[in-house]
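Okay, got some structures for you below.
Both of the next two complexes hold chain A, though its partner changes from chain B to chain C.
Let's look at the complex of A and B:
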């Protein structure tokens, strides 16, 4: 499990999990789970297209994820509707399917991109993954407070001088880059489980944004490390374990929260 | 109680999607004055507040604070919006939420200063919300959340506080508490209050001035100057009776006027 050919999986998995935990904290705060599900499907189509024309998959992943993010961001601001996000999701899936059907490696490639591949990142892709993750991390650090403020109340933050449109757009760029990194390893259909489950669990456990963000990163790391180990040992897709473990983390946190609330109510009675 | 001229709204017209919402709006608010912005749902109260905040452009006219044209995110204006829905498990304590009113617009990660938390504590004490400063904001009742929102608006030390329907959905006890609190803020902190509501009676004991919105037009002045049959009839374009019963004011619609009556030349319509 820790042999040399697994090194890329552990390194990239750790980077992806930390980033997904941080990005996911704001995805959950902003109620943007559907967009976080749709954007990785854009990355899927991009990877499939890159596969077809023989360019670096990371290029296709980033380009299409950004197109999906900007498209969803621009149109949903006008319509305030989930319909645009839903249509973007199915269109990107359809485009990815068409690209893959045209290529010669249809079935294994489809499985890897949709459900994850533990060896999905090659040695040559580690450096770009690190660089993109650093860009995303710095982006979140710079945006942190206005992003938090506008997540809690767009109206209050706007009145206080936050340009919510700019913050929304920059955040979607970060989500797109994070999705582009996560799709090759976790899979397009299951990437968003990592950006939803651990952050949703973290916000149940802590009542402080900074701590909830760090907890989200911690839960996400534990989820992905456990998923890599389970996938290696069972030979099942890593996406399966990421999806189920993310849900499990949330259920445990919810049970803990219910128990805490009951104890508090008993003390008051 | 009332001090110098603070806010002036002059000859303001507002249109949304080609439809005229407000026309020829004129009124002023003095320092430390409590003003009720009264009108039915959909009358344009929120639109007028958004114009004052700089979030909605006026088609004509100007809005000034201390004689200077307003800019967006003017620090001299605090704002409590109509509806802020806080999820129960929103991971933020009351004190951290109020602190966002000080530094939430600033980029970058930084540690909050002791001074910021001191101001936050001061405001939470001022609105009598210090006892729940460590609780999650989503776990508070509607009245408690309203107090916290007022503290959030006051924490940047504004001279004018705009509140959009802060009494809606509150029980009668909480309504009285919030009004008393705002009156205290106006009196002791010398912050001018502009509070929108569709029911003016709870505000009668504390209002220095009323801005009455109806039919896209506005009348302003003291309650006695504005809440009169002739002024409100002209505003609504209908005959309107004003009944005073047990200290309460009832505005009752009557029959249509034969012709659309022009707004009379009454002090209530003149910017003083």
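Let's look at the complex of A and C:
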């Protein structure tokens, strides 16, 4: 499991999980679940397109994720946002399907793109992945306070002079970059599970932002490490483990939360 | 017209089946979709398509009819989302997201097992992105029956459903059972999603569900008018999509046709863009009328 060819899997997995946990915390805080689901699917179309014209898949992933993010960000302010998100999402997926239909890609490669592949990041890609992850991390660190503030109360933060629109767009850009990194490993359809399950669990466990953020990163790391290990041992696709383990983490946290509320009520009574 | 309607288009049996199926499915999706958009449940509708995907993949694994899998999966998903709490607006997206994520995990497993089990390639693309040309004509009666069931069901619960979609408080004040109405609607949504999954693929059935209704709600301000227009837009998108996909076989020297779902989704998105342009001014007026609290919904023509 820890042999040399798995080094990339562990390194890239750790980076992706830490980033997904941090980004996901804000996704949950802002209720941006649908956008966070749509953007990785945009990235899928990008990877399929890059394959078709023969450029680096990472380039396609980043470009299309950014297009999806800006598309959702720009139009959602004017109209009912989840309708636009839904349409952007299916358009991106349909484009991906068209790219796949015209290319000579064989089935396992398509499955890997949709459902993940633990060896999805090659040695030559690990450096760009680390660089992009650092950019994302720095972006989140800079945005941390205004992002948190505008997540909790958009009105108050506007009054304090925070430009909510700019913050919103910058946040979607960070989501896009993080998604582009996660898609080759976790898969376009499962990246979302990682950005929603562990962070939602963390929010149930702690009400304090800093602690919840750290918990979110921790849960996300545990989920992905467990997924990589199980996938390696069982030879089943990593997406299966990421999807079900993320949901499991949430359900455990939910049960714990219900138990805590009951104890609290009993103390009061 | 030779270049639009390629020779042999209408004498081709699978095209005729496809057009019939497409028309029925579009009407059901558009009608259910109008309520979905009004209720702000686009994300739930989309999540059901993902759960239906898991069902379709399981059906493919167990070698039963995909229609059974898509609809069965959708109904199970609707139940799970109800149990975990999609009815409450607060935290609704998170509950939806968790169910969706778990369903995609299962889809990954089932599809992987399918590729191990059989030598036939393309199961993934077939389930996710659909292929209406390969649907057996024998499924037509099943689809027709289910379409009628959903439409009749919707007509039966039309009034409580519409009222609870527009104003939960008003509906509760009039003694409408909100939870029962919501669950009945989710089941119909699941069936509609399952039906459109066989035409444009499970993860793209959101397009037919959300696209035409969202477009018509931008231009129409009366309920029956909105439903009829949504049906027309849906049928046009699938019909044109099927014809273009058939033609696309001749577009490239390699004779690799583009998928039907790509054309259908593109047309739906173009329709939405046009409707947004037309409806921008109209919408501003309509919103004022609809939300006038001094008028009962009947008076503004919505119920």
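Keep this in mind: the second predicted complex is superposed on the first by the 267 of 269 C-alpha atoms of A that agree within 3 Å, B and C clash if a C-alpha of one lies under 4 Å from a C-alpha of the other, contacts with A are read in each partner's own complex, and residues count from 1 in each chain.
We adopt the following convention: contacts are C-beta pairs under 8 Å (C-beta built on N, C-alpha and C of every residue); 3 or more make two chains touch, one makes a residue touch a chain.
The structure displayed is predicted, hence computed values, not measured ones.
Annotation: superposed three-chain arrangement on chain A; chain B versus chain C shows no clash, the two fitting side by side.
With both complexes superposed, C is the one of chain B and chain C in contact with more chain A residues. Judged by the touch definition given at the top, the superposed model places A:11 against neither chain B nor chain C. Once the two complexes are laid over each other on the shared chain, residue contacts for A:126 go to neither chain B nor chain C.
Applying the stated contact rule after C-alpha superposition, one finds that A:89 touches chain C and leaves chain B untouched. Shared-chain residue A:115: touches chain C; no touch with chain B. In the superposed pair of complexes, A:252 makes contact with neither chain B nor chain C.
By the touch criterion defined above, A:226 reaches neither chain B nor chain C. Superposition on the common chain places the nearest Cα atoms of chain B and chain C 6 Å from each other. The intersection of chain A residues touching chain B with those touching chain C, taken from the two complexes, is empty. Listed in rising order, the residues of chain B touching chain A in the complex are 53, 55, 72-73, 79, 81, 84, 86, 89-93, 96-97, 100-101, 103-109, 135-136, 152, 156.
Chain C contributes residues 37, 40, 42-43, 45-46, 50, 93-94, 96-109, 111-112, 115, 121-125, 128-129, 201, 203-204, 206-207, 210-211, 214, 252, 254, 256-259, 261-262, 264-266, 268-269, 272, 276 to its touches with chain A in the complex. Here chain A touches chain C in the complex through residues 28, 31, 33-34, 37, 79-80, 82-83, 85-87, 89-91, 93-95, 97-98, 100-102, 106-108, 110-111, 114-116, 187, 189-190, 192-193, 196-197, 200, 236-237, 239-244, 246-247, 250-251, going by the rule given at the top.
Across the complex, chain B is touched by residues 29, 141-146, 148-149, 152-153, 155-162, 202-204, 206-209, 211-212, 257 of chain A.
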